[in-house]
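What follows is a set of structures for review.
Next, two complexes with chain A in common: one pairs it with chain B, the other with chain C.
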Partner chain A sequence: MNSISLSQETYTQRLWRHFHADKFALNGLRIVILLFIVAALAPFLANSHALIRVADGHVSFPIFLSLEPIEWRFLLYVPLAGLVYFFRHRFIAHPGIFILAVIGFIAAVEIFLALTHPINDPTNDRDRPASFKLLPPIPYSPIESTPDQFSPPTWKHLCGTDSTGRDIAARMLHGARTSLSIGFVAQSIALTIGIALGGLAGYYRSWLDIGICRFIEVMDCFPPLLFILVAISLFESQNNMFYIMAVIGLTSWTGVARLVRGEFLRLSSLPFTLAAKAIGANDFRIIVRHLLPNALGPILVAGTFGVASAILIESSLSFLGFGMQAPTPSWGDILSDARRYIDFAWWLAFFPGLAILITIMSYNFVGEGLRDAVDPRLKMK
Partner chain B sequence: MTMPLLQVENLGIHFGPTVDPVKAVDGISFSMQAGETLAVVGESGSGKSVTALALTRLLASPPARYVSGSIAFEGRDVLQLREGELRSLRGKQIAYIFQEPGSSLNPVFTIGYQIREAIELHRPEVRDVTAEIVHALDTVGIRNPASRLGDYPHQLSGGMQQRVMIAMALACQPKLLVADEPTTALDVTIQKQIMDLLKDLKRTSNMSILLITHNFGLVAGFADRVVVMFRGKIVETGPTAQVLQNPQHPYTKALIECVPKLGQKQHRLKVIDYAGIQ
Partner chain C sequence: MTHYIIRRFLLLVPTLFGITLLTFLLIRLSPTNAALIKGGGGEGGGKAMTAEQREQIVKFYGLDKPPLVAYGNWVGKAMRGDLGNSFADHRPVADKILERLPLTISITGSALILSYFLAIPLGVIAAIKRGQVVDRTISFVVFVLYSIPSFAAALLLILFVAGGDYLNLLPMYGINSINASEMSLFPWLWDRILHMILPVVCLTYASLASISRYARVSMLEALSQDFVRTARAKGLRERVVILRHALRNALIPLITIFALELPVLIGGAIIIESIFTLPGMGQLMFQSLDSWDEPVIMGITVLAAVVTLLSYLVADILYVIVDPRISYE
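After this line comes the complex of A and B, so read on.
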């Protein structure tokens, strides 16, 4: 309709086109998505409870008895988030009804979990007799000790077993949830702090900028792993998953803060910031609705690399014995076990090491692909 | 005589050190009546843009220092207002259009979204915001406005972008429109279109316009009165025709003469001889 305009594609479409052309990035993204699906479905892929069990003409689903409350939440809230996203346009049209529905759903799930928490049934029903049984692909729970100790990879134990006979494949699948969620949540915490502090420093400048920059420099003086180890040893009694997420997040925001500060310094001196001010927008609106969307590309790139490094930090922590508490499986924890038996049990080191390598590499490919896609100097194509 | 819409008294704005500061605006006074069009003319660095931004205290302080005087808009001194009161003044009472339309629009949002923001900020009573946006775009001469709402700034030409800026300013129905060199970044034909548009708006609404420019060519036939600024001071003021035909101050004469005229053979373009002006 208009001969003057050069292209009608939006920023997101252009970003996706460049990202799509990068095969490494695209495959990296596919692997990351696959990992998330595997992690989400871990209890259904590796479990000592049968998926479906028929005994005495009675059909039951023992697998649901084995789910922890957090797994229930995961199973119910992820589809909820998907539904909200799918109906987002109607959500905007009738926010009241939708918010009520979402809150109602969450309340129902929480009440259900509070009432049925003792439902968790640790008994192993894999070997119980039944007329029909559908077992998960890996019929072992990650914390279950089988009689086969140090079994090398066989058809029975695809990735072998460790010193107490636990199935490595099952531990890896469940460990993926730990590693991925720690990477994701820790980096979200880091991004939140980094964007908030970097944004304030870059927008208000003057003494606030000086203060925040000096704080960042002080934080950067500590070697990150040492810093985290000290923080964890101070609160050793509480080293559950959320605590480790928080510690990693609280110590790795400085890079994001520097980046956001730089972007905000640049953006806030552009005329559109003055124009937004001239139309009567307040500082909060200018920061959140005008500057932040413009800085989103570089932040996304940094965030992607950050997830990879958070996963690596978690693995290092578990390897050093400062990570998850004993029964919770994580990749670093399996590696840490491998240390003592590496002379004969190669599979203990090989499979978790490979998993970490593939995950970190995929995230880095995604990050590099994004970086190239948002870089305006490469938009010649 | 009724109270003027805008009354600037002895305004002084300094930058830099307190000892021997840069006096960007050095004790200027002028006033505007409602519906009047005033042009502030001067070169780069004469203090005209600083004056324009100071009207709603858009100049951050520091680095700028408002050292003296008052800016009374409808009787209220802008320099004494609190931040919240300033925000309801900006856009709603005094709206701006700037020199570079391309970079004054946020590149990541559609033009419809940006005009919507202006309306939602200042006219919460409007029920059909989309119709209001379409109306604003129609007023500034954008053809087929309804289909343009989803366009991003980079998809528009410079002239179109400036029209969108004007539509955004008009959407808030301000009493005073400050046009800070609105045509400097545009080529001559677009310049004329934009000036014609502003003339139309002036005729159809009771809005006052403060035009900031270095180009006397734009002033003739547009402004009711002219204020000439030189080195932070007002050197001459008067009705447009009188200033153009019979300039009193040597700087005004020099400024008028240095506008090149088409069809006139000149060996050299006249430049301002600063030594002759004191």
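After this line comes the complex of A and C, so read on.
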């Protein structure tokens, strides 16, 4: 960007400095990270199993025994965080590839886990006698029915209960995982397709560009939701999280593709690309090492806004009854329950609505901050 | 310019073919079809059909033909202006769509116009008071509004102001009261307006947010231009500078965005229509998806695609008309 700059500041450092100065963006990022931590730790925050239980002289850890493979994902993120920290200097040297690698890793884990089906273990340790037990802060599981139906928010049920007596706070915590991972993975899929097609169109131009542009136009012309709803019905028999992710991803890549195409068109006529060509770099190297890193800023901005809209799409799908299947907790699902008991159960609409609002707002603040950091011109001094 | 418009019109043709083909194939590739659903969804809907009956239905609707042949037939008829008959009630698709369209357009249209009327002053004020408390308040409120999911807002609005255990000021659902057919014109109109308030509010606030953000950015851009400085330098009043010089130029991109928002008129209210049980396009779309009513799904897709493509075209043409500096020659 700054062709003449006396400081030693790298692009990434400058980006971070701008981002860091933006209070809203920084707090948005903090909230997003917090949401991810809460989502990863959801089984320890809301579970009917005790963390530690001492009975008849035996010490047991029921919560760990009850965990399913899908719950262990948080363990995979610990080494990931370690690796990021360990290689942070390389991160600054090659931020583009690094960011893509991290996004790819998380997406792969989430896709793998989305393919597994959760099982429900109905036992609870609230009523089981024990000489000592340590229950999680919300001692209810998300799919567990209690006798208190339609309880408004009380100290016992912080966010109330629904028609079958399920604790809304527990469902919201576990629903956070659904929303966050669907948002993240769907947008990763969209980014992958968008970068690939947009990059091809922008770099090779001519007939490939025309064809891809027409295809983008076709995709953009579907009424919002109709295409998604038709596509989802393709997978009617095997409805699980992965198909929702795939469908949202496959239908929301056009914005990214347009953006990448524009960036590549611009960048590929700049001197550094010509120089790379002149010293004999092949197309792949030019695209991956020269064009992509330079286009990464706008791509990240679009990706961040995209996650917000993917979360919104997921919750509207669940709200309409086309999203996640019944027992799996998701924010949209609680809201669709609220619709049935609309005349009195305000807590069924308020809390998940608030959760979606906070999540989307944080993502949007991060996106906004990133955009200003990538292109400080837009900030108007 | 004429050349340009003609070329753009010709380019619409392949795109339309692409859209309809893709939709058609998606419908045909799906494991379910209208015959299965009529027979009780295949999961024992209580009145499962015999295999022969199902065969008959499949033959009757031409579901046994290869997808491409069936698509060819559909295109042939559609070119002659015949979108076919609905599988569900055998009425012409065009009629079914046309009777739904006015309601949807009246709701989305009033929301769109209302949001422009509110958003432009908001954006302009924010731009003039850039960086001050007013600007920051407007920007933040607009940002929050932008992030509230419309279905959650609709639910809470219904709960608290329309017929829940709290206030009961507005009707909860529907587009008319039950006794609407007996009303004279003005009570009927008042009744209709009362029914439209909540859906329109829910649709307005979200687009209000994005449009006022555009308006702010566009106004800021205009205010930083040289001609604004010149206007100020020659001693014009601030009012004149802002309204005559800056605002006029700031409106150019907003007019184009208005054209790009036109597709929303048709497909923009699916969820809101479903919450307030309004018999509009959204409901038709749901019904057609539920019964896998292929001709209706295709009809809606064609309509939406044509409107979208035309609005892109209109946006590009408007650009030239409102701003003589731009030309496509």
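Observations on the model:
FYI, the second predicted complex is superposed on the first by the 323 of 381 C-alpha atoms of A that agree within 3 Å, B and C clash if a C-alpha of one lies under 4 Å from a C-alpha of the other, contacts with A are read in each partner's own complex, and residues count from 1 in each chain.
The criterion applied here is as follows: a contact is a pair of C-beta atoms (placed from the backbone, for glycine too) under 8 Å apart; a residue touches a chain by one contact, two chains touch by 3 or more.
Given the structure is predicted, the values throughout are model-derived calculations rather than measurements.
After superposition onto chain A, partners chain B and chain C are found to sit side by side with no clash. Looking at the shared chain after the overlay, A:Pro129 reaches neither chain B nor chain C. Contacts of A:Pro147 after superposition: neither chain B nor chain C is touched.
Of the two partner chains placed by the overlay, neither chain B nor chain C lies in contact with A:Gly96.
In the overlay built on the shared chain, the residue A:Pro327 is in contact with neither chain B nor chain C. When the two structures are aligned on the shared chain, A:Phe344 is found in touch with chain C, with no touch to chain B.
Legend: residue contacts after superposition of the two complexes on their common chain; A:Pro293 is shown touching chain B, with no touch to chain C. Number of chain A residues touched is higher for C, counting chain B against chain C. Residue contacts after overlaying the shared chain place A:Leu270 against chain B, while chain C stays out of touching range. Aligning both complexes on chain A leaves chain B and chain C separated at their closest CA atoms by 19 Å. If you check the complex, the residues on chain C that touch chain A are 14-15, 18-19, 22-23, 26-27, 29-32, 130, 143-144, 146-149, 151-153, 155-156, 158-160, 163-165, 172, 217, 220, 224, 263, 266-268, 270-271, 274-275, 285, 289, 292, 297, 300-301, 304-305, 308-309. Contact residues of chain B toward chain A in the complex are 56, 58, 62, 87-92, 95-96, 98-100, 103-109, 117-118, 121-122, 144, 147, 151-152, 154-157, 160, 165, 168-169, 172. Residues 214-215, 217-218, 220-227, 229-231, 233-234, 236-237, 308, 312, 315-316, 319-320, 335, 338-339, 342-344, 346, 349-350, 352-353, 356-357, 360-361, 364-365, 378, 380 of chain A are the ones touching chain C in the complex. Every residue of chain A that touches chain B in the complex is listed here, in rising order: 1-2, 4-8, 10-11, 206, 270-272, 274-282, 289-290, 293-294, 296.
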